[in-house]
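Both of the next two complexes hold chain A, though its partner changes from chain B to chain C.
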Partner chain A sequence: MKHLKSLNKKAQLINQAVSPEEVEDVVAMQTVVGCTATTDPGWELDPFGGLGSLCQPMESDLYGCADACWWPAQVPDTMHTYPDWGKDVAKANEDWRKLDGIFEDGE
Partner chain B sequence: MAPTNKSTRRTLIGSGVLLLAGLASASVQADDAKQIIRDRCLACHTESGDASAPNFSRISEQRKTPEGWLFTINRMINLRGLQISDDEKREVVRYLADTQGLAPSEAAPFRYLLEQDTNLVEEGVDQALAETCARCHSAARFGLQRRTTEEWQLLVNFHMGQFPTTEFHSLARDRKWYEIAHDEVAVQLGEQYPLLTPAWDNWKQAVKSDLDGRWRVTGFVPGKGEYDAWMTTSKADGGRYNLSLEGQYADGSPLSGSGKATVYTGYEWRASITIDGVKMRQVMAADAKGMSMNGRMFLASEREIGGVMSALKDTKAPAVVAVMPSYLRKGESTALTIIGQNLDGDIDLGPGVKVEKVLERSDDRIHLMARATGDEGTQSVQVGAAELASGLAVYGELARVEVTPQNAVARIGGMSKMPKVRVAYRAVGYSAGADGKPGTEDDLRLGYMPAEWSIKPADEMAAEEKDAEFAGTIDAAGIFTPGDDGPNPKRKMMANNVGRLAVVASVKDAGEAVEGDGSLLVSVPDFVRRVLD
Partner chain C sequence: MKLKNVLKSAGVLGAVGLGSLASQAVADQEFLLTITRPNQLHVIDMSSNTIARTCDIPGPFGTGSIALSPDNTHAYVLSNGTKDVYGFDIRNCDITFKAEQSSPTEQVISMQSIAVSADGKELYTVQNPIKKLSDRFEVEQPRLAVFNIKDGMDAKVVRTFPVDRRITKIAVTDQNEVILGGADLKGINPKTGEVRMVSKLASWEKGPLWLPPDAFAMHSQGEQMHEYIMPYVTAKFDSEEWNFETAEWWWGISRVDLKTGKATRDEVLPFQFIIFNFVADPRNPDILYGSFNTLSKHDISKKETLIVHEMPHTYYDLNISGDGKTLYVGGTSSDISIHDSDTLEKIGSIQLTGDMSTSDLRVATIRN
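Right, the complex of A and B next:
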């Protein structure tokens, strides 16, 4: 986990910032249950275990992310699974208050 | 977020009588459930084999937990258009969990997910499985399933069809993801988690115990504290149980509630209970003899907020179940409460521990003043014939404080339709042990201690981004509440109120403060919350 320490303030998106070998090394990073370890880009964490290289605010590129079903366990995949998610939220960076989750629970 | 140790579990071992379950009514229910499957599922699935022991395609080749079955049936509803009523769904889940469930030993390594105790980093996940499977969701999600190799392969196919971008992620686009997942990982899963196991054969055959009776319960509710209570359970219609819980928190305030429970697979206790107006859920596993149950109770509306819970059946035999607090500083007169049932006889707190005064005594609770003069170490606590091994830790000096959870995620919310996801913290104290060095194997675990809570930025980068200012606050009870969601104009680039924090517990021991910290990620919402994440 040495990369967790090597936080780069100017970290660019992962594709530009580090070599593929380094990506492999860090992407296998473990996360807290419920978070995705897919970090190229990541939802909760960037490949350095930080927040510097995430889409921030997340609302600014939400559909770019969701349409591609990049994190289907955290963001509804509008490609196949939830085509209507965010239908009423034309621009997430303006209408984000209307964003709703998919909740499913036990009894 | 460096991974550290997992949460630990207490277990209680009981012994006693074995009772027979209501077999007749169970088989009527099974027939009903099979008919529901025929009526509801066979539009898409097929039936073959003997009508009394039918094989339903895709359904009969897997085993999983009640939550696992609920998860799949929910997908049948959401994605496939299955039409089924809530009652029918409940019947099918119960039938499938009973006849195609997991043996207690199979579910044991992954109980945290069933208990929704998910603020931890999974350990010991095989590398191939971590890279191929446990990078979108937990490893427990599949660790809690048993399938034929072919069924694991069909699961890979489902992922590939439903989430085709899986192939383009890192750790996938550099290799033949599908071939590896289908031809190697699914085969490995078929060996590691096969449909047929001796454990399941044995459990299926085992006589299951009724879980009705009176139970001596101890546990913890965030914001309220430790409690001890009596839980009374009685069988109700449809194989369910009615339950009530009456007791008190450590500060003396009462606790009272009632609810309903279902037992799946002969040992999986699931209850919905309203305690003092608050809806909670219990997820526990009973031991093979139905004498004790262990698990977690949490808010129905917020599954992250909960605490451990244990129950020991009252068999009229004397038992000590807990000492609160579980530690005693040498040389100091300290008030302790022994929790148990049918307590009668002399109190013995071990060599070198003197009972100075019994303040109050009943057959399920003894409040006393004690003082230790002897050596450090765990002592067995005895009341008459009842004994709790390692019930009390006698220590000289608090050397180390551990914050649990060590690794956690909170999620911003509250301004959109997404609720905030909070984190409930506790502090565990340790003394240095014989070697005098804290942080080594021989450290003596003292138990949960009251702490003062604070947050600070996780590192320089987080300090620079003012994470501790924006990401949330922690209250006196150790509950962290994250900030509001939405872009924040006060932050650089309108960033969300996310952040990386250290959560610090400061515990006072004879006037000296000892600190420990845990790693907290305050993140964006999780928009997809499944029965099992």
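Right, the complex of A and C next:
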């Protein structure tokens, strides 16, 4: 960074941030919910290392993971980023085909 | 509630005789409340297990968190991605309260945290604010926000007090202390902001052989017992080597009696399968029922699981009738499964118009 000169205010802020004494404390997640709870059933393995304690079927769990931003890597986050993802699908187990994947390039 | 409204809500005027009409006129009315996608509050008559009315909630779905007024005639719900609060008269679906918590420069999310004061005059949320600056977001200190319910459709915050991060489910005691479910269970005086420890969890002092608890505070359906239950999982190791294979795994609960504000915390059952939520039998506080991929019945005085009933799909939460005889299991999909609490056998179902997702399953008892 010492060979780069900051030209605008945002770049100056970045320069300040990389200075160790300027780095703000990392704050904890806002809520308990999230991927960190070790006994929550996930999307790959349950707490016992198997599949039997995952949510079943996964359509039952889709909105529960999306609406509360529970598993934002596995299911679109309808609270913040993709609020319309399930807009026309009231029942995921009936209309799961309409719940499409998210593609950042829009394809 | 007037007799005419009781009969209309039950939808059984033509099906009952005069004698039962007289008994209904004086009986308490139990209603099961839940929210489904796209965003509707359902008021279900628990005497007939039919939907009495469905109230449209403005805005997009907001995780389905519901708080009841002390007389149970009004329900307050989080909507619009949990940014806004709406209040409904559940007897007619009239919207009586609205509070928009966010502004153009500050986004405010309340993760499940909504409750009504013991006197019914104030509404509490825990606000998680983020300042929206032109070039960045800044995470602000979470706060307890107080609204006056009489302010109606344009309610603004009247007081705030700083609280911990990671608070989800909250409840109010009869002494009007707000129980804050987070890393630890704390209580806050909503007049002064004074905070006290109610029950330690993350900061408990059980020694080096115990795994720090992993708590779950998404739902609490203790209306029938007037209590707040937060389940947690922990493990007791046989040495400080922390061998997870040989550890004893336990379900525990932090339990707050909302009549007194007194709390207990104990390991109550061996951890054998996932349970998302517990509800106690109003006839015996040692009998708990749990839901997830199974519906289960437990006697915590003996630390025993009594019955396990396999469910056809996952259900996040459950509640129970006032007489303790009937269990309602819901959350996730669009059906509430009804079970006999003695045998856990399925005895009925209520089909809803959309998925419940993470919604509460609350019981509102309107006393005549």
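Here, the second predicted complex is superposed on the first by the 64 of 107 C-alpha atoms of A that agree within 3 Å, B and C clash if a C-alpha of one lies under 4 Å from a C-alpha of the other, contacts with A are read in each partner's own complex, and residues count from 1 in each chain.
As a convention for this text, a contact is a pair of C-beta atoms (placed from the backbone, for glycine too) under 8 Å apart; a residue touches a chain by one contact, two chains touch by 3 or more.
As the structure is a prediction and not an experimental result, all values here were calculated from the model.
Peer 1: Figure out whether A:His80 sits in contact with chain B (first) or chain C (second), or with both, or with neither.
Peer 2: both
Peer 1: Applying the touch criterion given at the start, work out whether A:Glu44 contacts chain B, chain C, both or neither, answering first, second, both or neither.
Peer 2: After superposing on A, A:Glu44 lies in contact with chain B but is clear of chain C.
Peer 1: Which partner chains sit in contact with A:Lys91 here, chain B, chain C, both or neither? Use first/second/both/neither.
Peer 2: In the superposition, A:Lys91 contacts chain C only.
Peer 1: Have a look at where A:Ile102 lands relative to chain B and chain C in the superposition and call it first, second, both or neither.
Peer 2: In the superposition, A:Ile102 touches chain B alone.
Peer 1: Looking at A:Gly64 after the superposition, I want to know if it touches chain B, chain C, both of them or none. Which is it: first, second, both, neither?
Peer 2: Only chain C; A:Gly64 stays clear of chain B.
Peer 1: Of chain B and chain C, which one contacts the greater number of residues in chain A?
Peer 2: With both complexes superposed on chain A, more residues of chain A are touched by B.
Peer 1: Residues on chain A in contact with chain B in one complex and with chain C in the other?
Peer 2: Touching chain B and chain C on chain A: residues 9, 27-28, 30-33, 37-40, 52, 56-57, 59-60, 68, 70, 79-80, 93.
Peer 1: Once bound in the complex, which stretches of chain A touch chain C?
Peer 2: Chain A reaches chain C through residues 9-10, 13, 27-33, 37-41, 46-47, 52-53, 55-57, 59-64, 66-68, 70, 78-80, 83, 86-87, 89-93.
Peer 1: In the complex formed with chain B, which residues of chain A make contact?
Peer 2: Those residues of chain A that touch chain B are 1, 4, 7, 9, 20, 23-24, 27-28, 30-40, 43-45, 49-52, 54, 56-60, 68-77, 79-81, 85, 93, 96-107.
Peer 1: What residues on chain C touch chain A, complex-wise?
Peer 2: 36-38, 60-64, 81-82, 109, 111-112, 128, 135-136, 139, 142, 165-168, 181-183, 214-218, 233, 271, 273-274, 292-293, 313-314, 316, 331-334, 353-355, 357-358
Peer 1: Inside the complex, what are the residues of chain B that reach chain A?
Peer 2: Within the complex, chain B contacts chain A at residues 1-3, 66-67, 70-71, 74, 78-79, 90, 112-113, 118-122, 125, 127, 130-131, 134-138, 140, 161-165, 169-171, 174, 262, 270, 272, 281, 303, 407-409, 415-418, 459-461, 464-465, 485-488, 493-496, 498-500, 521, 523-531, 533.
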